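Here come two complexes built around subunit A, the first alongside subunit B, the second alongside subunit C.
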Partner chain A sequence: MGAPTMTTGGTGANRPVPEGRRAAVVDCDVHAVLPSARSLLPYLDDYWADQLVAQLAPYYEPGYHPPSSPIAERPEVTPGPDGRAGTAVDALVADVFSDGGPDFAVLNCLYGVQQIHQPRREIAHARALNDWIAREWLDADDRLRASIVVPQGTPDAAAEEIDRCAADGRFAQVLLLGQSELPYGRQINWPIWEAAERHGLPVALHIGGVFRQAPTSVGWPGTYLEWYVGQQSNLEAQLASIVSEGVLQKYPSTRIVVSELGFGWVPPFLWKFDKLWKSYRPDVPWLTERPSDLIRRHVRFTTAPSDGFERPGALDRLVDRLGSEDMLVYSSDYPHRHHSAPREIENGSSDPALIDRIRRTNAFDIYGLSVHSDL
Partner chain B sequence: MTRYIVANTTDIPQGERKIVELEGRSVGIFNLDGEYYALLNRCPHAGAPLCEHGTVFGVASADGPDAPIDYERQRSLRCPWHAWEFDIRTGVSFYDPRNARVRKYEVEVVPGSPEDVVDPDGGRQDGPLVLEGYAVSVEGDVVVVDTSRRRPGRTRDQAERRRPAATA
Partner chain C sequence: MTTIQERPRVLDLPAPKVTTGIADVDIHPVPPADALTAYLPRRWREIVREYGVRTTNGLFNLGEYPQLYGGAMRADTWPETGFPGSDLDLIRKQLLDLYDVQLGVLQCISPGGQALNPASQALRPELADALTRAVNDWQLEHLVRPEPRLRAAISVAFESPDLATAEIDRLGSHPGVVAVLGLSKTRDPLGSRRYWPIYEAMIANGLPMQIHLSQGGGNPSTGTGWASYHTEYHVGQVQSFQSQILSLVLSGTFDRYPDLRIMFVEGNVAHFVPLMQRLDYHWETLRSEVPDLLRKPSEYLADHIWVSTQPIDEPDKPAHLVEYIEEFGADNVLFASDYPHFDFDAPDAIFPPSFPAELKDKILRGNAVRFFGLEDGA
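Right after this comes the complex of A and B.
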């Protein structure tokens, strides 16, 4: 295994790969699971550690993939010592990097510090979680990268956490959840975009939420089914906000990776956004180009779940309707189970060059991850 | 190919418009603070009577989402159907200048009464006034619309030279 390198600060868009190296195959969405709230004790300061113990260690593992439900784990994954997938680094590494696996995997730890509504507690726990990821995961295997978990309730503190973790060099992006307290385009959230751009880090918008209000656009869903399906429309609202509020003009190097939220809904969304922009352009006079052009340039979507686009020809048709071959990046969403296996997405296209883009070069454009050419 | 007298200046008060028919096409002429603009009365999107029912607004621009919004009044014509906006001076859309545009006509104000300015040798015609049964008995300045197409890259001289051949 050659020493992995990471080029930061670039704006993507088919950046050149360094001499003697090739763009790495990247699995852009892999889940490390915090085994218990107590796992954070070594990483919290005395005050917050004792607070956690005093509160009987409430565990904020979110119900995005309820344990024992079909979506939680694929049957073939290797469980950690507690019987759950994703809780032990050696088991995850063995599964994710098995034969034909990626060169790198980006860990999105979804432990729900964002659901801690006390700002200073959220800040302390986000910090502890990132340190736990760095020590117990990134130190264990140099093919692992991770997303920076940020205290979303306090955007200035989120920016500070981005500054702190970016110095490590192994955090490949910032993690935001699909459902937020205020849409991500709103100016109160700009410190997060500013910090991400400052460090050349993409921002992942991953399925999930802060649960400070109802988690779908219309209210409280009655079932998990409604929650999961409903997150897609939250992402439409987030992208509409980010584009309309001018984040992509203000921070033009911004890259967004929409993760585990599908991509089949994107073409009709872009069409509608463009269409209505023509009628309401005076509301957003700084928006001088079509929303779809901005989204094509700045936003990427992970391939799992592939939602039927793994059927022969379906991916080709979808990419045609997206109007860009640059917008999809490969993910396994390990250990989550969807209706098709992660690499089945490759069946959706008859074009090996497109698959290669999805697995390597599109990811290189946003992360700059490469390996020696002979690997 | 022709310049038509479409109105007496007093027929189109400030901020108002007049719809005329020129060579079988409906055309709207606007008076904005004494500047006259003429556009085809048909939206390139889905054919709405743009000049007849469109609203004159300004144009807004901003260098960034936190920059001041500059606003210039009386610069845009907004379609009554789906609110697309066009530069009232050029017919060009503000969001897609290359592809969406309304045909624009040159307008000038010519001193004198219509009888005085009608040129029997093919220059200015009083066609629309006649077409609309308009009494050509007004006094004062008249508004003249030129229906010839202005193509980029062709000088006025070249256009003049081509004209006899085209009409022959």
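Right after this comes the complex of A and C.
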């Protein structure tokens, strides 16, 4: 494996791959799991380590994938020593990079530091978590990349954490949760966008949330299934916010990777957004082009779960409705289990060129990851 | 002053019929200034005068997102005096006569005529009850009685199901009433069991429910906080409908009430298609959480969920509109004009030239028969 090349800046589709190299196959959403709160102890300073022990090490394991439910793990995954998938790097690497696998995988660790209400503790734990990721995961295999976990509750501190981690080129992305306390377009959140752009890092919006208010606009869903499927609505809200508030004008190199939140909802959302933009243009005068055109340029969506678009022809129909072949990037969502296997998304299209874009070149546009041509 | 607390005198109205004309499920009347006063008991008139109608925001007389331009009204719908929707003759001229509307469903959402500040969202349950009764009695007497092409979707104190059911029972057999009016923004998702008594009362009275988009309701405008800009806020309306359909299906509400008919009004059509496909996909994995559901999630739509067309989805390729409507269910889509609002859809203008004539016919008239339980028009 040759040293990966990181290219930054620019949002145009299909930027050139360096001579002698090819765009890498990237699995854009793989989950490393923090085995226990105590796993962070070596990475916390004395004060925060004492605090954690005194608190009896509360484990902020998020409920985004209830650990004993069918979505938590595919039956064939290799468990770590604690019997769970995603907690040990060797097991994860063996599974994710097995035959026909990707050249690189981007780790999104969903450990729920963002749900810590005490802001200084959130900052300290995000920092420790990123150091744990770097030492115990990125050091273990040079095909791994990771997202920077940030203390969302304090955007200035989030920007500092991005600055700190971006110095390590293996952090390829910033991770934000789909549901936030204030929509991401709000100016209070701009330090995050500014820092991500400064370092040429895309920002993943991944399913999850801070749960400061109900996760739907009509209250609390009764079932997990209702919450999980319904989180696409919050991504519609986030994209509407990011576009309307002018983030993409202020930070024009911004790239967004909507992760594990589906993509079938995008065409009707774009049509509605365009139509209302025409009605209310004086309210958002900085939007001089259609929201759909901005979103097509700046936003990508991971393919797992595939939400039914793995059925023959379904993916081709979707791409026609999206009006773009550039918007999808491949993911396995390892180790989560869905109704179809990750690679089955390829059944949805009869166009090998589209599948190649999804697996390699669309990912190159956002991460700039390439390998030697002979690999 | 006349205060009507009892069941009003039943009018000698024929059952609505949609034959050669069309059905329009979304017309917004506005009571002329002070018209509701006559229908409010004195104590509530005094309280409203002194304290206003308290809702879930801190404003005295406004929703969270006041309309941007001219009250969001079509410019030519302003009568000589008062708000658009307050002049019956203008409703006749600009809508009923012009497009041959045989059944026009009234949804009185904003009795104040300005922002959406619905009577049903008054925080004090007894006030919400008094205001909604006043709205209903006013529209039956001043719109439906003189113009029987118009029929009412009755407003109810939705967050207090005991009061809502009493109002449904009071007016449910009135021939001027064709539906119960609900709003998209509720305190809890619509499948919540606290709302079940409302559905029972509707079914007992043979009425469907029309859920119209709204503001307010006690939750932020999105599940991830408040929107800032009007575009963003308005785009967000469909998100509430998405949450509501998931709740209704997964709570088992339709299994419990096989006769429940619900229409989402002003909530678009296309976006429900991928949502239900996504729901089916994940239900396959996670059905152990909802083992009592009798059917695959998407299979509930045909019997229970209708949607209205306005604001019509405008894909870049017109063929996509037809595809999504057919994927949603060609029998479950009805026409809505949203008169007198600025985003009014005219029945002779919104369908692209390539739109199939038979499908258009269903949307404009045929599909109303089953939703409203009309005698077949043919």
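The definition used in the following text is that the second predicted complex is superposed on the first by the 371 of 375 C-alpha atoms of A that agree within 3 Å, B and C clash if a C-alpha of one lies under 4 Å from a C-alpha of the other, contacts with A are read in each partner's own complex, and residues count from 1 in each chain.
Definition applied: a residue touches a chain if its C-beta (ideal position, glycine included) is under 8 Å from a C-beta of that chain, and two chains touch if they have at least 3 such contacts.
Small disclaimer: the values here were computed from a predicted structure and weren't measured.
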First (subunit B), second (subunit C), both or neither touched by A:268: second
Touch count on subunit A, higher of subunit B and subunit C: C
Contacts of A:277 with subunit B and subunit C, given as first, second, both or neither: both
First (subunit B), second (subunit C), both or neither touched by A:60: neither
Subunit B versus subunit C as contact partner of A:250, first or second or both or neither: first
Which of subunit B and subunit C A:211 touches, first, second, both or neither: neither
Touched partner set for A:238, first subunit B, second subunit C, both or neither: second
Partner chain(s) touched by A:286 [first = subunit B, second = subunit C, both, neither]: first
Touching both subunit C and subunit B, counted on subunit A across the two superposed complexes: 245, 277, 279-280, 282
Subunit A partner contacts - residues on subunit B that touch it in the complex: 57, 59-67, 69-70, 82-85, 94-96
Subunit A residues within the subunit C interface of the complex: 69-71, 178-183, 185-186, 209, 213-226, 228-234, 236-238, 240-241, 243-245, 262, 264-265, 267-269, 271-277, 279-280, 282-284, 291, 305-308, 320-321, 323, 337-340
For the subunit A and subunit B complex, residues of the former touching the latter: 187, 245-247, 249-250, 277-282, 285-286, 290
Subunit C residues touching subunit A - in the complex, by the definition given at the top: 68, 184-192, 217-232, 234-236, 238-240, 242-244, 246-247, 250-251, 268, 270-271, 273-275, 277-286, 288-290, 311, 313-317, 320, 324, 342-343
